[in-house]
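The structure's right below; bear with me while I get my questions together.
Just so it is clear, A, B, C, D and E label the chains in written order, and each chain counts residues from 1 on its own.
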């Protein structure tokens, strides 16, 4: 029920957004929302904390930027290329990181992502500190110019909705069912004959791939692929978004991305205070607000029902 | 990994699990030395022995928690000495009775369904809707009935009582149609009346399956086991049915700490 | 020796205990005199372990009164209780520290009073342990761990011992030697609370038996009356 | 007429990083002073200012600029002290037809390969810097050079241009090592430079990086070993933070010395009042750039970028920062530069009296002439 | 490449290595007892450096206290202050998270990192402020034959090594150590024996934090003091920890030292890889020894 209401709100708000908000900013939020949803699939549903998701987000942005700028790919193929890269990278990272559990997993992903960060810094095609600039937005199906902000917006919104749908389905699939079982009792799932690591790996790959889609799309919007996107702080931000919105809820990450995105945007004039405030939000979330916004709403509603 | 062991002969079909000269060294301390046993299909095989005899170690070797230092484990004619834990489970060798081995926030039916789901081969299909699993509901229900949990199909596992949890565990395990079940001290820490229930349950589900169990409770062993292997200091001290074993003087000396007949 | 002449060691009155939301002990009373051995009997989940844990302050909430030698300890933090009450605890599932070797496990509990046994004496009592002095706790077999769990509280000088299911998972041969150990301890004047599933083991050792059900003492049976009350006891323990 | 009833100037700078001291908040102060001195309004319409931190990240710079232009109707963007940021913002502003007056970045690409009709490069560039410094060093016997280079657009450009100057005077470049922006331990690079045996270790970096490198060279006794350090881009704030003990004798090129004459000193002391540090050449440049931009708006009565840019190109710039400056079609602002030397501790008359002018580098030598430029707008 | 250069760079590598070792040691100690990865470890290192800096040059300006805390005093004061911060964090925040998934501890400390970093970034330049208080007695250079090496750096190396090995000795070979390890494993039981485990936990956290603060003070005169100095370092230290495995205190120390050396030598032989070599080693270790070099296989 609540999910259906939220879905309709999201759809309506999304379709109308460019008419009452700065479209580029909303597009940015959508990218982060998709990124957070992808991340949530991993942390919220598979119980794995990746501290290196920026590598997929940022890495895909570079690939998309490169193929559209240098090889003349259109935006769709550009984004697909970035997504494909994230898939491959996700497979490699996943393969390595799955070997360690819990907090180690977090540290390993963080360290692996740092490799991508340094590669992005040093490889010639990325432009190092300069970033990959001047990525063309190109044309959709050969005739809709994405230089028009409104066209660009709806394209981004469509990408977001597709990504969102994939995640939603994944959670509610036979695969999602096993993931939940694994999260509840890993050794039992193992003794039932499930290759727990393979399931985790697949969840990791799906999550990484969609994170890549988000990053790739962002590169097209801003015509820029930059180190920031691959920096660990971005990995931290996406965790915060997910946490604020509600871990393991379908809509939480979307709301979280909007909240955190809007917060840092509004506060950007305060310089480093933004960090202090985000850090405080982080601490507050972990200490007293672990369910996040959506999680808290759901919890209240359930409780109400139970009380009746 | 599943290649046939060298020189493998087709086993007499009555043996489902065999260890050949299984040995486990812990940095110079030999906990299991040269243990060869045969488990007959359809039997309940118990493993007993004084503390430190190596039962747990032996069990861990069978369930792949530990790697043998030497020797082979042969299951259904295949060498599984180096197989992965999930791999052997897929071949019907299931370990059960770990403490509270249920999925607490899934309903009883879902618990069983998770086990049943594997055989559909769609567990990696993240693009299919979860509805597709509804086809398993009937079978799940039937399995629950078998252990007397029929009315609790929609109850979350956390909310079940202790004995019911154990029953649910068994339901989940038999849903996998195991050929061989490994039970680790199934009655440990239970009061005598619970012990009775569980013994009953085991007797009920064994039907056509094989069970290997480690157990201290001689009552349980005597009522359930067809064959008993007694370990002592990592070696097989005696083997046979309860009467043979319990009257064996070496066993009495080492296990009961007495030479009087029991 | 007349039991009632011995001074009171432990007096529990109207003890309630909770784990989080769940209320486990519902007004338990129990008195123990110096040098007595008692058992707590009951079915699984009746609250025997919880009683021991409540004495030690290991439950999330408790009310009522627990006095050791007249000192109220109900509001003391756990780590003070062992010192004040001069007590030693041998937990369910042994609680051997896997990362510590046998020697270190043995040396771990701080001395709470004079008169504890020396390491040599202890190893004499448990020769199996001596062989494995440098082994990690995790590498001991179940029985060896049980020995160690008892051995390590003998060093501290504690004279009130709380022993929870010490016979669990032990082969009959070890049970025999354990029986010896408890007898020796009793003779040395230790006061002991035994939580036992294995009534056959506990029966000959104890001066008195308490039957606990749903967090209350429902029966108190002196050793002498045991035969007479056999019937009652069986009803409580297995229905 | 002003399109939106106001003139809005964006100051986009490094407010928290390596370049904070040399531009950062001081640039905002300078811009505010310029607006106040101008009277606070133009043609009766208010002059507004907006500022942000680009954190030395070109994407953040570009997206901030994008939003300023789209949603805040900013008319001119200044400061932009990081070459990577500068290039990305100048490119974006060009798409959107907005003037940028860069006071902080060094790379010559701004007016060469990537020049735009709306981009103006105001204070210094990596061509002007080595002309004075490298020439002086080579003439004093520093013939072989080893570079420690900040690993991004600015550093590369500075190293290449300096190398060219060195080689044109008969010297040689024997090695180079790239250090990431904002390195705090240069010891390993310095030891590499030391073992190369070069006469001069050229520091193709700026701000805090230069300070760190020079101080650590001192720790490892590199100068005592006979090698010389050449800070290719040094600001008065760097000298101040190193202290005269370490910095004395260092020669470098600058566009502005605060106590060069009464006019500069009067302005600088006003700046000091508000900022608590003497102005760098960049701060002075921001003041001058904003002032001249406003003059052009006033003169043309328009905030249309093409009109204002044309007027700026026609003006001759004269104020406390620049005398007889000209803005070329490629955006390069021609003006004189100075080779200065850091005073000895006992020569300094006050805390900030740190520099002595050695010689003047005339505008036509310092900057790439219109004949030689690679800017596609010109040739 | 002359031997001289290699030796020189190796020594510089060791210089970095002692900081890795100190930090990964602190992480290991905290992890050992609390089962929490202290993301804020880097921030505490930074804090240590800033305390030294503020104590030396800003007390007067900021607080109007005409007092100067010199380097030697800082070696004591900074770890104590950082330790007190650690106590505060442990007592008021981490404590409430022990029953939850350990990732919450990581997330909490990550948030604290952002706060600390942000706070200092407000008042100090991100790129660093030099620490002026290096003691006169250590300001010279030592001629090592193959190079002039700043006395201070040599001091930092030796001092850190002593601290590391002393910590190792205490934890592995004293009764205090075995009590700590027991507290890690089964806090309830350890308490029931009469040991004050909450206090042990708090003090251990404080000690780990203090180690980071101490490392920060030692680093201050070498590197400039900057709000990000810890953030950059901590990720590398995480990789060090993964390589070494959290199994042993000695493992943490040795892998820290070794990786510092390796990184230093990479700077000589293939400079572009210097910033990534540790991460690539981590990949190799994960492939062949997932539990880390000194870690125990589960």
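Remarks
One rule holds for everything that comes next: contacts are C-beta pairs under 8 Å (C-beta built on N, C-alpha and C of every residue); 3 or more make two chains touch, one makes a residue touch a chain.
In UniProt terms the chains read A = Possible ABC transporter, permease protein; B = Amino acid/amide ABC transporter ATP-binding protein 1, HAAT family; C = Amino acid/amide ABC transporter ATP-binding protein 2, HAAT family; E = Amino acid/amide ABC transporter membrane protein 1, HAAT family.
Everything quoted here is computed from the prediction, not taken from an experiment.
The set of chains touching subunit B and also touching subunit C is empty. Path length between subunit C and subunit D in the touching-chain graph (shortest route): 2.
Across the structure, the highest number of inter-chain C-beta contacts is found for A-E.
Chain centres here are means of the Cα atoms, and by that rule the chain farthest away from subunit A is C. For the pair subunit D and subunit E, the distance between mean C-alpha positions equals 38 Å. Separating the centre of subunit A from that of subunit C, both taken as means of CA atoms, is a distance of 54 Å. Here the CA centre of subunit B is 77 Å from the CA centre of subunit D. Subunit A and subunit E have centres, each the mean of its CA atoms, that are 32 Å apart. Annotation for subunit C: no residues touch two or more other chains. Across the assembly, subunit A contributes residues 121, 271-272 that each touch 2 or more other chains.
The multi-chain contact residues of subunit E, meaning those touching 2 or more other chains, are 121, 275. Working note: touching chain pairs come out as A-B, A-D, A-E, B-C, C-E, D-E. Of all residues in subunit C, those touching subunit E in their complex are 56, 58, 77-83, 88-89, 91, 95, 97-100, 104, 107-110, 112, 153, 156.
Of all the residues in subunit A, the ones that touch subunit B in their complex are 166, 169-170, 172-178, 180-181, 184-185, 187-196, 198-199, 202, 206. Put simply, subunit E touches subunit C in their complex at residues 175, 178-179, 181-182, 184-186, 188-197.
For subunit A in complex with subunit D, the residues that touch the partner chain are 22, 24-25, 28, 121, 128-131, 133-134, 222, 224-229, 268-269, 271-272. Within the complex formed with subunit D, the subunit E residues making contact are 2, 4-5, 8-9, 12, 15-16, 121, 125-128, 130, 141, 147-150, 152-153, 222-224, 226, 228-229, 264, 267-268, 271, 275.
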